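Right after this note come the structures.
Note that chain A is present in both complexes that follow, paired respectively with chain B and with chain C.
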Partner chain A sequence: MGKEIPAEKSLNLIRGRLCDPSFIFRPLSASSDSNYSKLKFIVSTSITEGCNNSILLLGPRGSGKTAVLDLVVGDLLEQFPDSVSVIRLNGLLHSDDNCAFKEIARQLCMEHHLLFSKMASFDENSHFIIAMLRECGLAHKTIIFVLDEFDMFAQARILISFNLLIGKQRLLYSLLDAMQSVTSQAVVIGISSRLDADQLLEKRVRSRFSHRKILFLPPSRDELDGLLEHLLSLPADSSFPSGYVSRFNDKIKNITSDRRFKDILKTFFNAHSTVNSFLKFIFCAVSLMNLESGLLSLENFKAALSSMQRQPKLEAVRDCSVLELYLLVCMRRLEVKEQSSYNFISVMKEYKAIHDSFQTSDYYAQNVCIRGFEHLRERQVICYAENRGQSQTGEYRPMKLLISASELHQGMRSHACCPAILLKLLDH
Partner chain B sequence: MPKEESSKVTRRNTRSSASVTVENPEPIESHPPTIDDLTFGDESITLDAVVSDFPGRRSQIFDFIRLMGPLDCPTLPIMIYGGASTGKTSVVLQVLRHLNRPFVYSSCRTCYNPRILFESILNQLLLHRKCSSNGYSSAKRCDKPSDFVNLVREALSNVIKTLESASGTSRLNKPDEKPMGKMVYLILDNVDLIRDWDKGSMILQFLFSLDSVLKMPQLGIVLISGLPPDVYYSNMGYTDPIPIFFPEYSEEDLRQIFLRNQANQKLYSAFLDAVLRSFCRVTRRVEELSTTFSSLFRKYCEPLDDLGISPNEDMKRRLYSHLKPFIAPCLNDVFRISSHPHDGETRGERRQKVSFSSENREELKILDFHMSTSAKYLLIAAFLASRNPATLDASMFDSTGGMDNRKRKRKASEKSMEKKEIAEQEAVMKGPGSFPLERLLAIFQCIASVGDSSFGEEKEGEEEEDATGYERENNNLMSDILLQVSSLCDANFLIKSGSCPLEGSIRYRSMVSEDLALKVAKSLSFPLAKYLYRR
Partner chain C sequence: MIECDDFLGGFHLNCLKPPLKDVPKSDWICQFCVVHQPPPLQGKNSVKRTMREKLLSVIYGRLELRNCGNNKLMMVVMCIGLKLTEMECVLRHCFVKCPMEFSKAINDGDDVFLCEYQYDVHCHSFKRLAELDDGDSDSHQEEEIDSDEEESVRGDSKSKRGLTGANTRTWRIFGLEKVGTKRIPEHVRCHKKNELEKAKATLLLATSPKSLPCRSKEMEEITAFIKGSISDDQCLGRCMYIHGVPGTGKTISVLSVMKNLKAEVEAGSVSPYCFVEINGLKLASPENIYSVIYEALSGHRVRWKKALQSLNERFAEGKRIGKEEGKPCILLIDELDLLVTRNQSVLYNILDWPTKPNSRLVVLGIANTMDLPAEWVYRDCVSVAAVSGDARRALEICRRAAEVANYRLKKTNKTAKSQLVIMADVEVAIQEMFQAQHIQVMKSVSKLSKIFLTAMVHELYKTGMAETSFDRVATTVCLFA
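Moving on, here comes the complex of A and B:
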């Protein structure tokens, strides 16, 4: 009983670390050529020199762009407490201008302890923002605009009319334009997972945007090893029993130096490369920790790997009943026969043909089959081939399989009670 | 799964609709919602009870608990996925009940658009309850994700503040109760439905990245989805939540599930021996199987006087041979839900009713529903109009009545056979054809007259009067035919398909299967096969 408490505590500590991005990216940004130092240099010079600037942070999702930016912003707020204010926007939330201006105005009001009116119009808000920019410029106060999901602000929506397309980038344009024309100090930092985010900009917006980009690359092996130790080792000076800490840390060292652990990591990085997915993997492994012994083991990492490597389509095939497998095999056979398109009726014909030639025990009425069909559709193993033809009932609408032949084959092999005849039918 | 139902019901009573409970309405009005309402309310249950409540879900339960972690552990978003009726929602709710942690539950099935979803989450977080005094309105009006983020952040920090202050005191007051901790969990059910919403992909993006947008480690997010994570991939991408898969129940699990809450375990187990395997080949969904099994089990028990007995081998064999003739037809309508509610009846009545319904079934074999003669003719006419090419109408319905199929039979060459096959395939793909109202009426008139004359011939010898009666009816047959057409449309036998762009008139399409059409024709003793064009 006394042992359970340090185990829970260590689990709590490690999970807390894993969910705290600033803890993770602090050591990664220590070196002088890290993205952290680059970004901090650029932003702090524009603060001290009182000029405008714009930067793009580009990199795959989960590579720590936002986390590094947060670190920089946090440090700058400490360094220049009076001359920096931060406005955060997210392309997911504020991609329409009205919303975005309102949010900027709201955050400016919060920052400067002004009263924010919800009812303010777009025009009022934009005047307010430009006035604030000017005021801040006069007071030598830099406003940092953080635009997360930058591509959403910039994205040209082809489907929506050209009018809206202009409107889409109005926010960017007016921000950048205001920065140029007004004596202001502002830094616009865009974050995007699209490497071509700046190419999405219109010409007049692009010309006002400085093409400074910082790329976020996947971490190197050394960095990861360091990160692993940083994450998992327990501090010696805390309230843990001293024997426990040394045992825990020894065990971690033991695991990380193990050949098999390196293999696990290698297979993991074959599929995932970003820091965040690595953290997720560690999170899974840590939550599998045995609370009795309070120590991690190699098996935890193995189990975590297998829980991360899911094959949903195979699982879906394994979930099918025998009748549903018959339907899938029939559809597959029709595809092999190069029948360009097929619907439920033609599948039923094939099903009947199979029954006639092999006298299978699984021959069910059409209304049962159609429910099986619906189940398959619900699971997204099959779907309607086209969205037109709504006037036809489901039986006549053309269908298609959403799984490949090999997936079907593999899934049926590992199915608990797949009849042997079906496998044979699938082959020819 | 009666268990699952009941748990959902109790939960509903404890939370959102508590004001509607009938038993004791007076304290509810006075009781303002408190932070305790975010937990399950009833006393928490032990882990063993959770595991034994859900046979076959042991590993999923343990995985989920491990990912939730001990008290006050921050977690990454979790996604629970698996087919329908695999116990996803109930496991999550029962585990939270076991852990006694505060949570917010919203299902995207009842909250069918973003605004309702957001407001439902906010209402729960703000401890707001819709009632007559506030005009059943929500606490906050919120339909944009941007507003939602601000409001949720505010509401959550308030909730967490109260939780933090409460965590010290409640432990002193009720030492036997588990502490609630300082985490709040947000459970979103049926996430897959969002894909069909207007701008659904945006909302999904938002929900999947809610964790990183809010940046509040005190919020744990659990998404429950009927579909695997790979269907949500879009070109924008997001960081995946941690998946937990709920597979379909195996045969052994199903046996365990069906044996729960059975009065006579041995009898039911013998019954399951007889039916479970063959039904599992068709479907493994608990909900579908349970409806079929309940009626089959009644049939199984029919020869028994005492339901409490434990059957020996001989008895089992006897019962099986009694049941056997019912299994095959039942397999072929697995999904029919019986329309007689049996629950609250005594056994005698029930048996009477069962025998009655089985007699009925025999009758229904002929035709499952009642229809007027003219509607039947109309149905056949529509069927013919959809199946036969319009160009052949004249030759089909000439004075000789019907086509002589034999005349056209010739030994087909290989090439023409191939052509025929392709044409057949095309016909299958196209489905039933559409036709204008005029054609339907013309065919109707033809076949109604033919049908009557053939009827007349048959009955002539028996009764003169009847034949004249038909004569009279024949005139009436045309009278309200348009009304019949519209009622057939309402019953989905005919559907209106888009109007023809040239003529502008509405076209119809028959949705009747060949089996049903033949059945209807048989009930009229109308020679349908003679009129059906076969390629």
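Moving on, here comes the complex of A and C:
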């Protein structure tokens, strides 16, 4: 195989780090005020004191809730090897109560090496869970329930026709109610990206829920700078050639202290605030690394930023032919005239009307226009308005625009050879 | 002793008819083999047999090998055995095994007996084990079967009764101690708690106080109501409806009243009763309440239609179920409003039964809503309202404040002489728990998002409508940016 180029090795190393949540969130969680320490304190005191607790982790998507929780659970499993067992449920998969109880029973059986029967009914499963909670409570074992997508559990709809209530939240009620008995030791941790997840709970369930919430806010600029250094500096390993590491790290320092780089970051943070999007940006930049020199450069970051700012619809309009632009303008004019649904035939009528009133040079036959339509549909600039009515031929089916007026404007203005008359037509 | 040369069985010399004094030198065949007949089997109306006769019949019975299904050979004791009532066929040490072990014990001889009954502590009666398995198959039929694979599995599971999963009912009765967890006594796991932790432990929602403060009036009312109902000679059924916002102590008051009454029953001052506790939210469907009540009264598990029939007979006509001694029945239904069905038959039945004569049923319903339809409430009901605030909330706030104080003291490593929870801790706790998180999030979000929010508010003021389309907001954003 031969010697691996150091550039490739360093690329692999950095990309590996970017995809590993524990590597990223450990330095962010180092301070004692961080969410990590708060969560760890609550759960570890519940374990040592043998009491029940319920917590909600809230925050926008990509802010590291699951990553921090995994860190905490990993640490606790190391610290208390025999007294903790973890049950994981996901609101997208197990929002139905029957399914959720079955899954909890299955995981409990797996943890304790018991035989699981798929045919147990709902009642049996719920009795089993309560009995297990009691037994584990007596043996001083804590069960941690992790409920991902917590708002889905709160909103689950029961499709039973005779039951007037929608969303009984039976799982949450049973768990929280079981925790009120003395001998059980359980911690329920809910993760949600809806900030008002606890307002979704029914009043009975909310009354039993201990309103502990941990909010995951985006990290500050200093923390992110520190994270950037931590991610991109190569370790002084012997697996890399000696001068390479120092050159690489020096280049990184040069880049980060450059004013232009700070501008790039500022533009980036105008639009994105979560840790996840930041990581995507870095990943993109690192992947553009020049493999010959093996060093990162400022251009990589610039290219990454522009790739994150792409606008696909605009580019689609820019690539359209002139005929297609005509068709789009006709459709827009029909919309402005408050014609709620239109199809190909009406667009052709409008096209003829324009041609008659303005004597444009671009007038094409019907079959050429149909081809133009198909092309637009493939690019997803327009589409059929409804999915039914398949029996009608394409020409009579109602259509609609998938881009807004301003996007069309912008696209036409930046088009290479858009006739001026079209812009005038669009404005009227 | 002498041995018969035919079947090699042994006899005491004195026990033979006629008794022999010495062992004959030639071959000796016992009288039964000579006649080629097995000893006559005694029927049910036999006189008491001597030990010797029993022994002989047992020995002969041993020779009967029967081929029962599944290619299993079972040695059948053809004696008084199968029609047996009691201990007459037990001659020496024998083994009684449960079904799982019995099927493995084919070669252990004829002293192995199958125990088909098990004592259920809760209903103080013996129940056949097969009945428990049948209960499973009933409830299977109630569930929907989604795939064909599950149907074939169901057929298999009925035949192999020996292997049932830990989460099924049978396992529950055999006990989950097989989990292998041991009980750790209380004193081992308590580390030395500092003051704050002790305070926290008492503030847990789970620890029940020795006496419930502030609910003594309600508890007295409930106690008087129940005592009045069960101590009449002709116990008239009545129902009581307890309502209030969550967290006001309804369930816990009723449970402590029942605890006190139980103590009185044991002391002998109140006549015994049967107490059934049901939670509406824990039932799979409202109709299941019938099977739960029936199971609590009789110990047998049946489908709800049959249970409804039997309960109707019991309450409407006064017929007894099983071995019941005519005790009055107190039914506590938590979360009553969840029993509402489309035609409201369940609630109607439950609240109707106490009104019939001879029903001996007292119903206590607990709910949050005060607006159950009037037609239910007028039936001889007494309501107890509790409108004060949520006690659970208050307890949780105190607990969290104690936690915050603990954390603060731990962080600064102070070992203060008096570890007090100060007002700042309480305020932090309240803010954490009940403040909306939106403001904090909005402060830290990206600039574009802030512009977007501002544009939406701008649109709101411009048009006066709370809803707007993305297009309009986008144009406003472009204007701002």
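Criterion: the second predicted complex is superposed on the first by the 346 of 428 C-alpha atoms of A that agree within 3 Å, B and C clash if a C-alpha of one lies under 4 Å from a C-alpha of the other, contacts with A are read in each partner's own complex, and residues count from 1 in each chain.
Everything below uses one rule, namely that a contact is a pair of C-beta atoms (placed from the backbone, for glycine too) under 8 Å apart; a residue touches a chain by one contact, two chains touch by 3 or more.
Everything numeric here is computed off the predicted structure, so don't read it as measured data.
Chemist: Based on the superposed arrangement, let me know which partner A:420 touches: chain B (first), chain C (second), both, or neither?
Modeler: neither
Chemist: Going by the contact rule set out above, which residues of chain C touch chain A in the complex?
Modeler: Within the complex, chain C touches chain A at residues 136, 139-140, 142-143, 150, 153-154, 157, 163-169, 171-172, 176-184, 189, 191, 193, 197, 200-201, 204-208, 245-247, 279, 281-282, 284-286, 288, 335, 338, 340-342, 368, 390, 392-393, 396, 399-400, 403, 406-407, 411, 432-434, 436-438, 440-441, 444-449, 471, 474-475, 478.
Chemist: Show which residues of chain A lie in contact with chain B when the two form their complex.
Modeler: My answer: residues 8, 11-12, 15-16, 18-20, 61-62, 66, 90, 92-94, 99, 103, 106, 193, 276-277, 279-280, 283-284, 287-288, 291, 307-308, 310, 312-313, 315-316, 318-319, 321-323, 339, 341-343, 345-346, 349, 362, 364-368, 371-372, 375, 378-380, 391-393, 395-396, 398, 416-417.
Chemist: Any idea which chain B residues touch chain A in the complex?
Modeler: On the chain B side, the touching residues are 63, 66-67, 69-76, 81-84, 144-146, 149-150, 202, 205-206, 209, 212-213, 217, 226-231, 236-240, 242-245, 247-248, 250-251, 280-285, 331-335, 425, 428-432, 495, 497-498, 509, 511, 513.
Chemist: Mind pulling up the chain A residues that touch chain C in the complex?
Modeler: Interface residues on the chain A side: 32, 41-42, 45, 48-52, 58-60, 105, 108-109, 112, 114-128, 131-132, 135-136, 138-141, 160-165, 168, 170, 173-174, 177, 179-182, 184, 195-196, 203-204, 206-208, 210-213, 215, 217-218, 269-273, 404-406.
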